[in-house]
Each structure stands twice: as structure tokens, then as C-alpha cells.
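A single structure is presented below for examination.
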């Protein structure tokens, strides 16, 4: 399976993960993933809020001059991460999770929360590849039971990037 | 935790489950759940399509003169179950899964598919109780890891109804 | 142009109009329209809030034992009209206006506000017939310039009902 | 009334207008507006399709090295303008019009179609300023009757840009 963004658009990587209750080490991984996405010239997309993985991945991407897009659940940019270049204001709460998934070429799930689980599930429904990072055994087993082909597991940010490069035909 | 629908509105039970690839025994369980929901005077809500659990639960509910609402993903009623009283046409694909969850007082997951998994996850995110029926061990373990309190497991339609009655303060 | 709801589903009439700043006479018209919809055995659909046309049309319909559905913009039923049988909770703000339009077989615009204007426009976009009631000259002229065929004007609730019956092939 | 985008984010200008049935002169105006937006260092946002104003404004912006975002109604980028940097895939049809409006700091309506009329109305509902370009007398009169304060009329792209600069406090 190979992903080809249209024309000369840059690939969009959707990085999903817990917000307010994000463990610090998951935030660190998200920051690192953001850096690597930016270094590869790809676009970082997240849920856009100034919290947890959404914030950390954008901070990482901006620290390497990457482009960041956030798909916000609220009616304005009050809760937006300060590391967003382009805040998209949906006003539709968690229903925006489906936009995250449809807009991203590939999804990286960094840690697991209820919102993240919905995004992985919606990605499978939409036929999008998902790379699981920092996921527990049960989560990996469960999501692979939904779709063996679309779900891959990575043990580190570097390994996740290698998987993404394969999908993009860049390796 | 007790659920109290506003005023004298009837409780709305959201029954979610696989569509086109629904195993026959899961369809049978959904039909039976629909019957029991109707017999208790509650409203059946589903994803509304003429397929799998969505169709079977509505057929069951109508066989006992229950009321059925379907939250359709498409732009019209072409794919609607013929057992729907009130087809709600959203035109927003899987983003409508969040409407299923927000509208239902309690969610019953009958079997597991990618769409169902997104709805269980969105329900947890929205703080709604979920009863899992016909779910495998891994699924139960995974969703309980998201939220121990909101997730209950039932081994039969009758047992699911008992759990629902407790939530509604009717037992 | 004739509208045929699927199977034996009852026609759904979407009645749209101003909320918090609704003039009393527009509310009275909405109440009367709700009564007439119910007397004809049709379903009343509105934006669902306890305010203006949304509330008045549902109150009218319930006073004649009609069925009422509300497509709510918020995340719960806190602002729901007490005259709703079936509150649909979308959590997506004004984006739910498109669901109002797609779900209704015919739209009745009762007075004009910004939200109403968006619903009339979305109805034209979706190819749905609209009956304008209590609309000013400029509004009528503007909307007819968008689509001459889909827009009809009625000078009273009774006249609106006559137009609806023609669309439904009931006259 | 002054608009201040958060932090150091660039202002986002939402340019709305007819798609498939767009008159050539409206397309030319949209192209010119796109050029001017880019020259001012602002971001161009449109409905994203390869048609009418959506396409022309993005082509104009890219001809001056501007940044372009498109909020697409479909499930993928098949119908996307080739002049988009960042296609946002919503899969929610015309309900995405509300996202256009909430995301833009200021809306420019270039010509009028049913979709455009819904966006102007939703902008008024959301309290966003709208600049009307190439609008007929009736349209201007109607929309000003919805909100005198938020609606401004411009007779040329240059005049529209002057109005925008005032809103942004840049003149």
C-alpha cells in the first residue's frame, strides 16, 4: 500500500494522542515525532488544542520550522496551541475527529485516550494507515483485530518515521 | 450513575454494531435487543442503514411496535432501513457517529466493527454509559482500560436490559 | 415537483425561523403552522431549542398531538424545547442547519433571521422546496433570485399548508 | 470592530462564491482578490474545489506565492483545486460551510450562489465581518437587513482590500 498526495502537495501526517491527561513521556515522544516530521518536509496535523500530544507535536514541528495545522473542536481559537500555523475552527466537538482522519495521509497514534481510540477506529473505517506508538499490548491486539493490514506498530519515533517513509514510497 | 432523560421524553437507547460484514448471530442479538427496548417503552436509535445491526435492531423494535430513529451518514434516505420511523439525514459520513452517541442516553454495542469501536470511544469521551454485548475478550479488556466506570459487559440481551434498567433507575 | 417520503414514513416538515429575537407575531404563526402540520399527520422538525420559532412550532404541534423532532446545536438537551418528542443532539452548532434541511422533505421558513437565511440557502443548494411565510419583500425577491422554482411564498399558515399538500401530492 | 488573529498567526481571509455556475467576470475578480490577499501576506481560505471562485482565488493567491487552504466537502481530494497547499477533507458536504466561516477572520463574498448565501448568513450568525463584492442590489439590501454592522460592500478588489485592512488595523 502506497500513499500519494495529490500533485505537489506535501504529505500530511496526522498525529493523535491524549490531551489533558497526557503522560509526560508520551508528550516527549510527540515532540520528537513532530521534529522528525518537520525534518522530512511533511506537514503536521493535530487536534489543535494547547494540551498533551496536540500541543507537543506542534511544538516539536515548529522547533524544526515545520508547518502545523490544527483541527479545533471549539468555536474559536481560544484553546489553540500557540505552535499552530493554521488553526481550522470546526465548532463541532469530537465529530471533528473524522476530519483529522480524512485530511491526514497517514495517522500516528501517540499514546491512547478515548479520543485517540475513536480516531484510530475512524481511520480504519476510512481505510487510512495507522502507526501505533507508545500503545499498550491490549490496544495493539485490539486494533490489529479490527484490521491487520492498516495497523502497524512502532517502538520508537525513528521506527515510526521508517514505516511512514515506506508508505510514502520514500524509502 | 443514573440517567434521567429530560421531562417526559422516553429514554433513547443507541444500539451500535457492524453493518455490511455483520455476522448472523450478532444480527439476531440486535433483533432481540430491539424487541426488548420496544417492550420497555424506550426509543431505539441506530446508524439507520439497511444493513447489519442498524437494520436488525430496528426490525426487532418495530416487531414490538417500538419507535425507531436512524442517524444516516448519506445525503438522502436511499440506504435507510425500512424499519425506521424517523430517518435523520446528516450527509456527514462517519462524523455522524458522534451524533449517535450524544443523542443516546445509553449505548449498547452489539458486536464490534471499526465504526462501532469509534462509537464506544466517543461515548467514553462524552461520558455516556456503554453496555458491551457479543464483544470478544480483547475488546472488553481494551475498552475497560479506557474507562472502568462507564463500560459494562452483558452476556445476553436480557442481561443488557437489566443493566439499562439500573442506569434508568427503573429496577 | 412532487415529494415522496420513503415507504410508509410520514412526511417531515422542517420549520425554521428566528430564535431569541423572534417577534411575537412570528411565534404565533409558527404555533399555528405546528398545529396544522400535526392535524395533517405530518412530523414537525425544528432546530429544537426552547426559543422563538423552534419552540412555538413544537408547542403548536404537541397541542394537536403531533410528533416533534429537534436537531439541537449543543452538546446536551439543556436548551431543548419541552415540546420535543425526539431531541437529536449534534454538538456541532450552526453546522447542524444542514441536517435540518437534508432531513426535512419540505422547509417552511417562518420569519427571517441569519440562521433561517442560511437554512433557506442550504435548502436551495440541496434542491429542497421552501415555503416562505412572514418574509419581507426584499427577502422574497432575494431568495427567488437564487432559485425561482424551489421558492414559494405563502401569505398565511393555511396557504402554506395548501402549497405543502401540492408538493406531497395530497391535494 | 477590529480583528486580531491569535499570536503571530497570519490573518485568514475566507473567499466564498459560486462554483460550477460561476460567471467568468466573477472568476476574474476572485483571481484578483487572491493575488491581493497574497501580496498582503494573508492566508487564502476557500471551499477548496477545482471550480469557480474556489479555484480562481487559489490560483490568484498562488500566482503571488500566497498560502492557500481549502475546506473540501467530499471524502477525499479528488475534486480539490490544484492550487491548494493544504486541503482539509471534511466529508460533510455543505455542513462544511460553517467551518469556512468559523476559520476565516473575515469573509469576502465574491458573487452570489446558494452556497455563498449560506456562508454569508452563517458569518452573520457567528459575528464575522463580511465584504460583499460583485453582489447585486437585492442581495446587498437583503444581507444588510440581517446585520447592518457586519456587512460592507466593495465595488472593486482594491476597495475590498482597503476594508479588510481597516478590520485588521493595518491601515
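All chains are identified by letter, namely A, B, C and D, in their written order; residue positions are counted from 1 within each chain.
Convention: a contact is a pair of C-beta atoms (placed from the backbone, for glycine too) under 8 Å apart; a residue touches a chain by one contact, two chains touch by 3 or more.
Everything quoted here is computed from the prediction, not taken from an experiment.
K.L.:
If you tally contacting C-beta pairs, which comes out ahead, B-D or A-D? Let me know.
P.N.:
Result: the pair with more contacts is A-D.
K.L.:
Over half of the contact pairs shared by residue number: find the pair among C-D, A-D or A-C that meets that against B-C.
P.N.:
A-D
K.L.:
So what's the Cα centroid distance for subunit B and subunit D, whole Å?
P.N.:
40
K.L.:
Roughly how many whole angstrom separate the Cα centroids of subunit A and subunit D?
P.N.:
Inter-chain centre distance comes to 28 Å.
K.L.:
Check each residue of subunit B and list the ones that touch at least two other chains.
P.N.:
Residues 75, 90-95, 98-99, 126.
K.L.:
Show which residues of subunit B lie in contact with subunit C when the two form their complex.
P.N.:
Interface residues on subunit B, with respect to subunit C: 5-7, 9, 12, 43, 67, 69, 71, 75-77, 80, 82, 84-92, 98-99, 102-103, 126.
K.L.:
So in the complex, which bits of subunit D are touching subunit C?
P.N.:
92-99, 112-115, 117-118, 120-122, 124-126, 136, 138-139, 141-142, 145-147
K.L.:
Note which residues of subunit B are touching subunit D in the complex, please.
P.N.:
My answer: residues 75, 90-95.
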